[in-house]
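Which chain is which? They are A, B, C and D, in the order written, and residues in each are numbered from 1.
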Amino acid sequence: MSIVDELESEVRSYCRAWPTTFQEAQGAVLTDISGKEYTDFFSGAGTLNYGHNNELLKKPLIDYLTSNGVTHGLDMTTAAKTEFLEVFRSRILAPRGLPYKVQFPGPTGTNAVEAALKLVRKVSGRPNVVAFTNAFHGMSLGSLALTGNEDKRAGAGVPLGHVLRVPYDGFAEGVDGLALLDRTLSDGGGGCDRPGAVVVETVQGEGGVNVARVEWLRELSDLCRRHELLLVVDDIQMGCGRTGAFFSFEEAGIVPDVVCLSKSISGYGLPMALVLLRPELDVWRPGEHNGTFRGNNLAFVTGAAALREYWSDSTLEKSTGDLAEEVHERLTGLAASLRTEVSVRGRGLVQGLRFAHAPTAAAVGRRAFELGLLVETSGPRDEVLKLLPPLTIPPATLDAGLATLERAVRELA
Amino acid sequence: MSIVDELESEVRSYCRAWPTTFQEAQGAVLTDISGKEYTDFFSGAGTLNYGHNNELLKKPLIDYLTSNGVTHGLDMTTAAKTEFLEVFRSRILAPRGLPYKVQFPGPTGTNAVEAALKLVRKVSGRPNVVAFTNAFHGMSLGSLALTGNEDKRAGAGVPLGHVLRVPYDGFAEGVDGLALLDRTLSDGGGGCDRPGAVVVETVQGEGGVNVARVEWLRELSDLCRRHELLLVVDDIQMGCGRTGAFFSFEEAGIVPDVVCLSKSISGYGLPMALVLLRPELDVWRPGEHNGTFRGNNLAFVTGAAALREYWSDSTLEKSTGDLAEEVHERLTGLAASLRTEVSVRGRGLVQGLRFAHAPTAAAVGRRAFELGLLVETSGPRDEVLKLLPPLTIPPATLDAGLATLERAVRELA
Amino acid sequence: MSIVDELESEVRSYCRAWPTTFQEAQGAVLTDISGKEYTDFFSGAGTLNYGHNNELLKKPLIDYLTSNGVTHGLDMTTAAKTEFLEVFRSRILAPRGLPYKVQFPGPTGTNAVEAALKLVRKVSGRPNVVAFTNAFHGMSLGSLALTGNEDKRAGAGVPLGHVLRVPYDGFAEGVDGLALLDRTLSDGGGGCDRPGAVVVETVQGEGGVNVARVEWLRELSDLCRRHELLLVVDDIQMGCGRTGAFFSFEEAGIVPDVVCLSKSISGYGLPMALVLLRPELDVWRPGEHNGTFRGNNLAFVTGAAALREYWSDSTLEKSTGDLAEEVHERLTGLAASLRTEVSVRGRGLVQGLRFAHAPTAAAVGRRAFELGLLVETSGPRDEVLKLLPPLTIPPATLDAGLATLERAVRELA
Amino acid sequence: MSIVDELESEVRSYCRAWPTTFQEAQGAVLTDISGKEYTDFFSGAGTLNYGHNNELLKKPLIDYLTSNGVTHGLDMTTAAKTEFLEVFRSRILAPRGLPYKVQFPGPTGTNAVEAALKLVRKVSGRPNVVAFTNAFHGMSLGSLALTGNEDKRAGAGVPLGHVLRVPYDGFAEGVDGLALLDRTLSDGGGGCDRPGAVVVETVQGEGGVNVARVEWLRELSDLCRRHELLLVVDDIQMGCGRTGAFFSFEEAGIVPDVVCLSKSISGYGLPMALVLLRPELDVWRPGEHNGTFRGNNLAFVTGAAALREYWSDSTLEKSTGDLAEEVHERLTGLAASLRTEVSVRGRGLVQGLRFAHAPTAAAVGRRAFELGLLVETSGPRDEVLKLLPPLTIPPATLDAGLATLERAVRELA
C-alpha cells in the first residue's frame, strides 16, 4: 500500500485512473519511476500548452531563482511583474487592440472567476448572473454556483443561487437557449431576478467538449448589448492558444467585457490567473479582492517568456491549426469506421470523441494508459474522451499518440 | 506613470503602501531596483516563515527543475508528492500522534477553507457553520461568508449566508461568546439553523492580532464535543511555526477535526495548501473537490525540504519562543513610554501594536517604509500594526528592525 | 380628500382604478354610495364565484352567528368544521375518487402555497421546486419566489431562490419548456439543484390568462412521474368551478399530488384556504405549519353551504360551460371586428382579451368602469383584460356586461 | 374515528390537546357538543380579547350582512373600510399623537410581518434585519426566518437567511444582547451584512412569555436611532390592549417606525391585519404587496365597533390592569407554595407559569382541560403555561378559572 493510498484523502482522482508514480516530464512525454514513457494528450488539463519543462522557459526560471529574484510578492510591484505586464501588453493586448486592464487574483482559475463575479455584481448592482448548462467555472462556492455538473454542485452542501441557467448551444432539441433568454428578459414575467452579466465558455471542455458556433457567440454578444448585460468569457481552458488564436473568442470577432485566464498563462504549469476588464469597469476598491499567492513571481517569469517565445508572431497559431486539422480528420475517420455510435467534436486542439455508450469512454482511457497514452474523459456522464495535446507537440509524437488512441478505441468500441 | 499604475486594476493594494519596485530578496531583506534594502517584518503575510530564497530550499528546487521533475501534476501521483507525504508524516503527524489524512485542495488558503467547508457540511449534513467576529478565512464566496470584515464581505455582491456568527474571545464587554453559543444551541429557540461545525483561528491575524486564550480554545473544543460540532482550525497564517509549535493549537492541547494549512507550508512562497482531516471524516467522493493547480510539485519539493530542515527537532520552535519574547518586551516597553494609548497583543512571532487612534497605525507603517522596514496593518479599522518577521530572522536584523519601528512609532504616536 | 387617500398607504391599488366608494353588493352587481350600479366581471379576483351575498349562503351564516357558533377556532374541532369536512368529502372528493387528506392553513392563498411548499420540500428532501414563467402563487416570500412577475418579485428586497424556472406552455417561440425540463433533469449537467416538485396553474390568471393545453398538462404529469417530482396544482383562482369542473385539472384527467384551494372555497368572500394532499405525503408533525386564523368557522359554514347548493349535481358545471361559450364567441367576434390586434384566450369562465398595444387594456378597463362595468387587467404588462364574472351571473346581466365591454373596446381599440 | 381524525392532515394540533368538538361560545366560555362548558384562558391565542361572540359587535355584524354590505372588497374603497379608518384614527392614532399611515395586508399576522419586512428592506436598501432569540413572527418564509423556534424553522425545508439574530432580554447569563448588537454594528468586523431594521415583540408570547424590561426597550429604540435602523414592533399578540394600553410599547414611551397588528384587531375572531408605518416610509408602489382577502369587510365592521366600544375611554385599560394584578398575585402565591421550581412571568393579561421540569406544563394543561379550563403552553420546550384570558372576562369567571388552574397545578407540580 503506497503512502498516497494510505495518507491521501479519498478525494484524489487522477491517480486512480493513472495508477503509477510519475517522475519526470519533457515536452509531450511523461516518464514514471519505472522508466515507462507516456504520451501526453492531457497537458495538465490544459495547463501545459507549451509542454512540460519547456527549455525556453526553464532557463529564465532557473536564472531568476539563482539571482534571488523575489519569489512571493502578493501585489507588491516587482521587476518580474513589471516585465510580465510589458510583455502581455506588447504581445497580446496591443496587437489585438484590446483595451483591458489586468487584475491578478489568487493564482487559480476558480479565483479568477470569483473575482470576475464580484466585479460584475458590483458594476451592475445585480447579484444574478447567467450561466449555461454544462458550464464549468470552478469549485469554490461562487464559481461552483455557475458550474452545471450536478455531482460537483452537490458537493457544496449549501444551495447555490444567484444564477440564471440558460441552455447552451445544442443542449436540448426544440430549445433555442438564446431565444429563451431574450424572451425571459423581455417579458416581465420571466420569473428571475434580473441578471447583470453572462459568463460563458466558447467551448465547454469539462462539460464534454461542447462547441458553441461562432454565430451563437455573436448573437449572445448582441443580446448582452441589447439587455445591458456584461459579457464575461471564461477562457481559462480554451485561452492561451488552445483553439488557435490566443483568445478563443477572437474567431467570433467579439470583445467581452471581462476575460478570465489561468491554466497555461504561466506556460510552465505554475499557478497563476488573470482577470482582464474593460477600464470603465475598474471600480474595485484597493484590496476589495485579494489573496496571498496572487504574486507568484516565478509564474510571471515563465509567463513573460512564453508570451515572448510563442506570441510574437503567428507561427504557433498556424501550427495549432494544422495539428487540429490532422487530429480532427483522424478522429472523424476513426469514428466513421466503428460499429458503435461515436461522434467527433471540437475546435482547434481541443477535440472530443463522444461515445453514445458512455462507459466506453473511460474504458478507452484506461486502455490508452496501459498502452502509454494519457487522455481524460469529460461530460456529465464522462462520455467524451477529451484530447488536449500540448500545442507544441512534435507531429511524430502526435501521430504516434493518435495511433495508440485508435488502437484502444478499436479494441473497445 | 509606471505600467503598474497604467495597466493594473485599481484592486491592487500593497504596491500603494510600499511604492517601489522590488527586485531581489534574501532571508529577511528585500532589495528594490534602486538597491535600497528593506527589513521584512511582513514575510509575505506569513508565507515566508523561513525567509526569502532560503538557500536550504533553493538548492533542491533548482535540482528538481534541472532534472525535469514533473512540475504540474494535478493529483497524479508523483515522486515529489510521495516524498512530501513521507516527510509530512514522519516530521509532523507521527511525532504529535495526529491521525490526519491529507487533502491537497487548490493551492491557496481560501481553497483549503472552501474544501473544509464542503467536507464538514457533507459529514454533518448541516449547511450552517459557526464563525467568529473578525475572522478572516479568505475571499472566495464560501470562505468570505465566514470572514468578519464588513468591507471585504460587501465585495461579494450577494448575501453571504449559512454562517452563525459568534463573538470571539474579548470581542465585546459583557458578552461571553461561548456562553451565548452554548445557550443558543441548548435553548431550542436560538433561531439559527443548527450548525454542523465551528471554524476558528487561534489568533486572528487579519482581524487585528486578536489572541484567544488557551482556556477559551479548550472550552470551545469541549463545547464542540458536547454539541456534536466538528472543530475546524484555520491555521493558514498561524500554523507552520508562527506561534512557536508547528500547529498553533498545540499549546491549548486540543485536536481539531479538520485543519487548514497554506501560506508557509511550501516554505518558499510557492502556492500550496493542505486540508488535514480525521480519517473517519474522509467521506469525499473522488474528485468531489478539485482544482487545476492542486499538484504544484515545486511546492512539494520545497515543502519537504523545509519540514526536514526545520521540523526534525525543536530548534526552531525554541528560537521562535526566544525571539517572540524579545519582540514582546520591546513592544511593551515602547507602548509604556508613549503619550498616546497603544497596547501590545500577540502570541509567538505574531505581535501587534494597537493604536487607540486608528490612523496612526498606517502612518507608522508608511514612515517605517521610508526608513527601510516593511510592516503592515490589520484589524477592522487598520488600527493594528502587525509584526510578522521570518522565524529565521537573524537576531541582529530583528533588533535593527525593532529599532526602526520604535523610531517610527515615537515620531508619530 | 378622502380618508383613504389621506390615511391608507400608497400600496393600495384597486381603489385607484375604480375611484368610488362601494356600499352594497348582490349577485353580480355592486352599488356605490351614490346609488350607481356596477356589473361585476371581476368577482373579487375569483373569490366570488357564487356572486355577492348569495342568499343561499347568507341565511346559514346569519343563523350560525345568531346561535353563537364558534367563530374563531384555530384548529380546534368544531361542529362547523366537522360539517364542512363531511360535505367536502361527500360532494367533492368521493364523487371524483380523489384520495386527498385536507389541511387548513392560514386563510389565504399564499399561505396554502407556503404550506404546500413546506410539505413537498419535506417529503422530497429537496429545497428546489419547479415553477413556470408568468406564474402567480402569492406575495409572501415562499410563494413569491415562485411568482414570475418581475415587479412583484422586486418587492421582496431579498433574493428569491430555491426555484427552477421553466417556460410555460407557449411562453417563447422555439422553446419547448417541458423538453427543456426533461433534458435538464436527464443530462447531469443541467446546472440546477435537483427539484423535488413542480407547482403549476392550469390557467395563469394573473399571468395574463395563459391557458395550458390539456396535452401539455398530461405531459407535465407524466414527466413528474418519470423524474419523481411531486405535482402541485395551485387551483386557487381556477378551482371551485371557474373553468367548469370543480377542479381545473379534471379536464386533463390528471391527479396532482397536492392541490391548493382558496378564494371561492368559502363561497362568500370569507378568508379560507385548503391544501389537499395524498395521504402518503401526510408527514406533517403536529403544528409544523400553523396560523391564527386557520379556523375561520364562518367560512366553514358558508363553504359547506356552497358545496351543498352548487356541487351536489352537475347543473353549475353545465351552465358555466354554456356561459363560457357565449363569452368566448362574443369576444372572438369582437376581436375579429377591430382594426387593432386583439386576441382572445381563456378556458371556462376565465376569458381574456389581449391587446398588442398593451396600454389599451387599462384604458378599456377605465372606460368600462365609467360605463358601469368592473373588469381588471392582468399579464406582465397589464396587456390582458381578464373577465371573471360570477359563475351564477344571470344571462341577461352577462349580456349587458358584454355589451358594455364591447362598447368600451370599440371606442378605444 | 371522527372525520377530523380520518380526513384532516396530521398537522392539526390544538384538537389533539383538547379532544372534543366545540359548538358554541360566548364571552369567556366555550361549550362543546355534549354541553360541557370550558373557561377560556386562551382567547384564540390572543385573537378574542373581547371574548367570543361579543354582543356589542355581533349586532352591527348581522346588520351589515343583512343589508348586503360588501363582504369581500380587496382594496376597493368601501363604506365599511372608510368607517374603520375613521374610527381607528379618532380612537387610536389621534389620542396618542401617532403619525402612522395604515396598510391592509393579507388578513393574517404573518402577512403583516411579510409586508413590514418588504417595506423596511425597500426603505433601507438592506436585506438583513435583526430578530431576537425566541421570537415568533409567523410561519410563511419571510416571517419564519425571523422566528426563533428550531422546530418551526426546520419546517421551512430551505435555509432561512437575511436575519441577524440577537439575544433577547434575559436570554443567556453573561450576555448583554444589546451590547453585542451595538458592538457588532460599530466594529467593522462583526461579520454580518449590515441590517436595515429590527423586529421585536415587547413580550414574547409564543417564545415563553418572555418580558422585555421597559428600559431594555428604550435602549433598543435608542440603539436603532444611533445606528439608523428602522424599529418594527410586532404587536400582533401583545397589542389591542393585551398588556393594558392599546399598544404594548406605550408603557416604554417609544414610537416604533412600523407596527404590525392582527389577532384582536377585528375584535370578533375574523381574519384581519394592519401594518402601521411612518408616513415618510410609505414608499410602496401601488400593489407592490397585495392579497385577495386584504379587504375582509366583516372584520372592518366588527373592528370599528370594538374600537368604539372599548377604546373611547380608559375603562378597559384600567380593568385590564386590575385583572392583571390579580392574576399575577394568584400565580405568585401559587408558585411560592409549590415544592417544585415554578416561576411567574408576564405583563398585563399575558401571564406565564414556567416549570423547571418542562413536561409538567403540558400535563397541567391536559388536566385543566379535564377540569373545564382551556390554557395552552408556550416556550421552546413548551415549558410555560400561558394565560391569555379575554380582557373582558368577568371577575368571577376569572377567579373560578384561576381556582381550576391552581388545582391542576397542585395536583402535578
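One rule holds in what follows: a residue touches a chain if its C-beta (ideal position, glycine included) is under 8 Å from a C-beta of that chain, and two chains touch if they have at least 3 such contacts.
The model shown is predicted, which means the values in this text are computed figures rather than measured ones.
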Most distant chain from chain B by Cα centroid: C
Classification of the chain A:chain C interface as same or different, half of numbers criterion: same
B-C compared against A-B, more contacting pairs: A-B
Approximate Å spacing (C-alpha centroids) for the pair chain B, chain C: 58
Chain A-chain C separation of Cα centroids, rounded to whole Å: 49
Gap in Å, rounded to a whole number, between the CA centres of chain B and chain A: 30
Per-residue multi-chain contacts in chain D, two or more chains: 127, 151, 158-159, 161-162
Touching residues (chain side chain A, partner chain C) in the complex: 127-128, 131-135, 146-151, 153, 159-165, 167, 171-176, 179-180, 182-184, 187-194, 207-208, 379-381
Residue ranges of chain B in contact with chain A within the complex: 2-4, 7-16, 18-26, 30, 33, 44-48, 52-53, 58, 61-62, 65-79, 81-82, 85-86, 88-89, 101-104, 106-111, 114-115, 117-118, 121-122, 127, 138-143, 145, 151-152, 155-159, 161-162, 262-263, 268-271, 275, 277, 282-293, 296, 298
Residues of chain D touching chain A in the complex: 158-159
